[in-house]
């Protein structure tokens, strides 16, 4: 049984006048903030606000790196050459690190966003390109991603710390993959179920798949969301239940 | 008489498929490379190429920071709030520093580009905003700018090293300002004159203004250009003449 | 006394995943929709939604043109060359007209947004540049703007219809200008006052300035907002009060 | 044997200060100008210059539509939803049509650019999305594309004129597809061969594939390039040879 677990969430996903989610509320719940770095969301002012708010609450800052796609919020896969992807990721890490530094911390990990996250599950070349950027920037930086993904495999091969994360509100296939959003069972909508799944993933390192089978799913972090109604409240409940179960909720890296 | 002088130039000012100037040739001539950081030019791939090329030749890397204006190449003044400008500058410094770091160096100084450069001559608020970004990021970073500018004044007040630069191919008013490009005498087009003015600025710390008067103009760096026909060859001649005059041409910061 | 009046509002001011204001609700209240065209807000999908929704409700579509400044929402003045501004405005009008056309209508008027709106009050060159774009595109298109502005003056000179608009929720100086937002009296926050001022502007063509004096202010349209709490409800009340006063609320152009 | 043929080329592919290819020289050679519309290249000022230049020379203007990808010059495939793609294409057609209109003409056809061109060869959904945009905007507009492509097939089904184009400087597979650029035989570099292939495609409607076999390849337009050294001169030779062979070189649409 795990004695500690991290809670991560995407933050700073506004741009200019636009906002998405309740950053301040989420920062009170999570232990790791995946801060948008300007390619899918997150302008410099927002990056300062997120990093400053994270430091004030002892939350670790991670670079949530993306394809360059503001119009599509980074949700559209791009067939980008690996070298270009490496450089795009480096650019984003460096930009965020400036704000982290000014806020009194540093970027503590890297996590791909949206379509890049999905590409990094199966696309060896893109996963390797992301890992290369992290390794080049600072080989002490962990990479946060899906268990079994090409991303974590390449990270390990490159000598980086590979941190597996789980989703208590997503359905899993018997093989341990996320059920695609277009299919039945993709989302777990009952709050009580989400909380139970979170605690079970933390305590037992396992998850019940959509076919009812139980699958091993050891994770070091749970990803919670803040951009839908009730999401922040649910995240709070998850954190409370973990604490009640004796799990120390704390950053996986600081 | 100065015993050493820096030669700086704007580099990495392409974007995507587009290129501007001959970066490789200029890197063989200058001692400081003002690398574009993505806001007026300079995509991540170009930033890697410039920083790598600079390190190979012992050239210092500076962040050439700009308004966010790709379509206008940063040449259009923007009435941006000081806080936003500070954050935009920080973002650019951090992004470039990632590539500098990977190339084996760090950002060594900051210089505003285009319309922001001009604003920083007279606009106290914008000049202070740029200085604040530099100070926040690393108060050991010098700021490169026009002698007498608000930028250098604010830099000094903030305890930063303020490095004055000169332009051997630009006309000066008797008061020591650059003649606006819309007026007669703005440009010195005769190559021999440019070379002579460069040596005189280096040796005597003075320049002949458009009215024939001589004005004190002590500078630590000369800005040379590479984006017009013959520009690189002229820069080479300037460097040669400085060397012939016994001036040690070397970075003002490394 | 005016027998009819237009109500206009800024619409379609989201981008990508982001939204601003309640377009659907506002479309039920206004008679003219100032649709964002992609330079400060408004992606192609949003432009389709706004134009389609406008046609369904008999609302006229206008091009709300802006500086190219997504990060600043077009709220930062740019010193752009007149020729470039003309071309930027043309681009936006044409892009919106494609969606208007597909929705079964056409762009019916042009109104500058944000900082460009403010520039067009006093900046002769920028105002003329906007007018030139409208005239080149279709000299039957009216221009909507501030009474007394350079924009309306240049529009008239160019033979375009110049449509003056008023703001029931903004304070006016005795000279008939809007009180700057940084000064006291800039905003009229009492809903009842806003409604009364709207009816008076419509019925009597006059407004009470911040010093208590009455100033002639004949307008053909009132601008209402939808991006603050209670704004849509207030717009509804304004429309209701105008109708109750016997004013025919209808588009100034269709 | 064809009695007439069109020569098309990509034009206006600069952005801001950057330029690509020699637009003025190419406009003297081609009969159809595929004008970039701002998503991969082509700012408003450039769009005005291209449309004006085209009208002066009797060259037809086409909208060269792209994914929204300035940083990648539209060369990176994006998994964009069909509805979004339709709207992105509409936006670009409308924007260009504004400049065409001001120049005294209209957009006469639509051709996808770069990665979108390639996607439209095989991707049914994206090809249909592009066709939908064209049909919605003006169902009298032809679509220019690769013979056998999903694009031309969907265009025909939608009742649009589908115009097949050939590439005299590209190798073809025995099945009639372009040899991928990563493979041997992708490019025909010998100028004499290019000219001979152009004339044969025009006169006989056939092309010799990389395996030496002859394949039927009836085309109404040939695509020539202007962005490599000698390209414009080669385009001129192709045009001269077609004329010498008695082929009337003229726009396929005006």
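The chains carry the letters A, B, C and D, assigned in the order they are written, with residues numbered from 1 in each.
Quick note on the criterion: a residue touches a chain if its C-beta (ideal position, glycine included) is under 8 Å from a C-beta of that chain, and two chains touch if they have at least 3 such contacts.
Just so you know, these numbers come straight off a predicted model, no measurement behind them.
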item: Over-half contact-pair match to A-B, picked out of the listed pairs B-D, C-D or B-C; value: C-D
item: Separation of chain A from chain D, taking each centre as the mean of its C-alpha atoms, in whole Å; value: 42
item: Cα-centroid distance, chain A relative to chain C, in whole angstrom; value: 42
item: Numbers and ranges of chain A residues touching at least 2 other chains; value: 43, 71-72, 84
item: Touch-based graph of the chains, sorted into line, ring, star, complete or other; value: complete
item: Chain A partner contacts - residues on chain C that touch it in the complex; value: 14-20, 41, 43, 70-73
item: Contact footprint of chain C on chain D as seen in their complex; value: 38, 43-45, 47-48, 83-84, 87-88, 90-99, 101-102, 136-137
item: Footprint of chain C on chain B - complex, ascending; value: 68-69, 71-72, 76-81, 84, 115
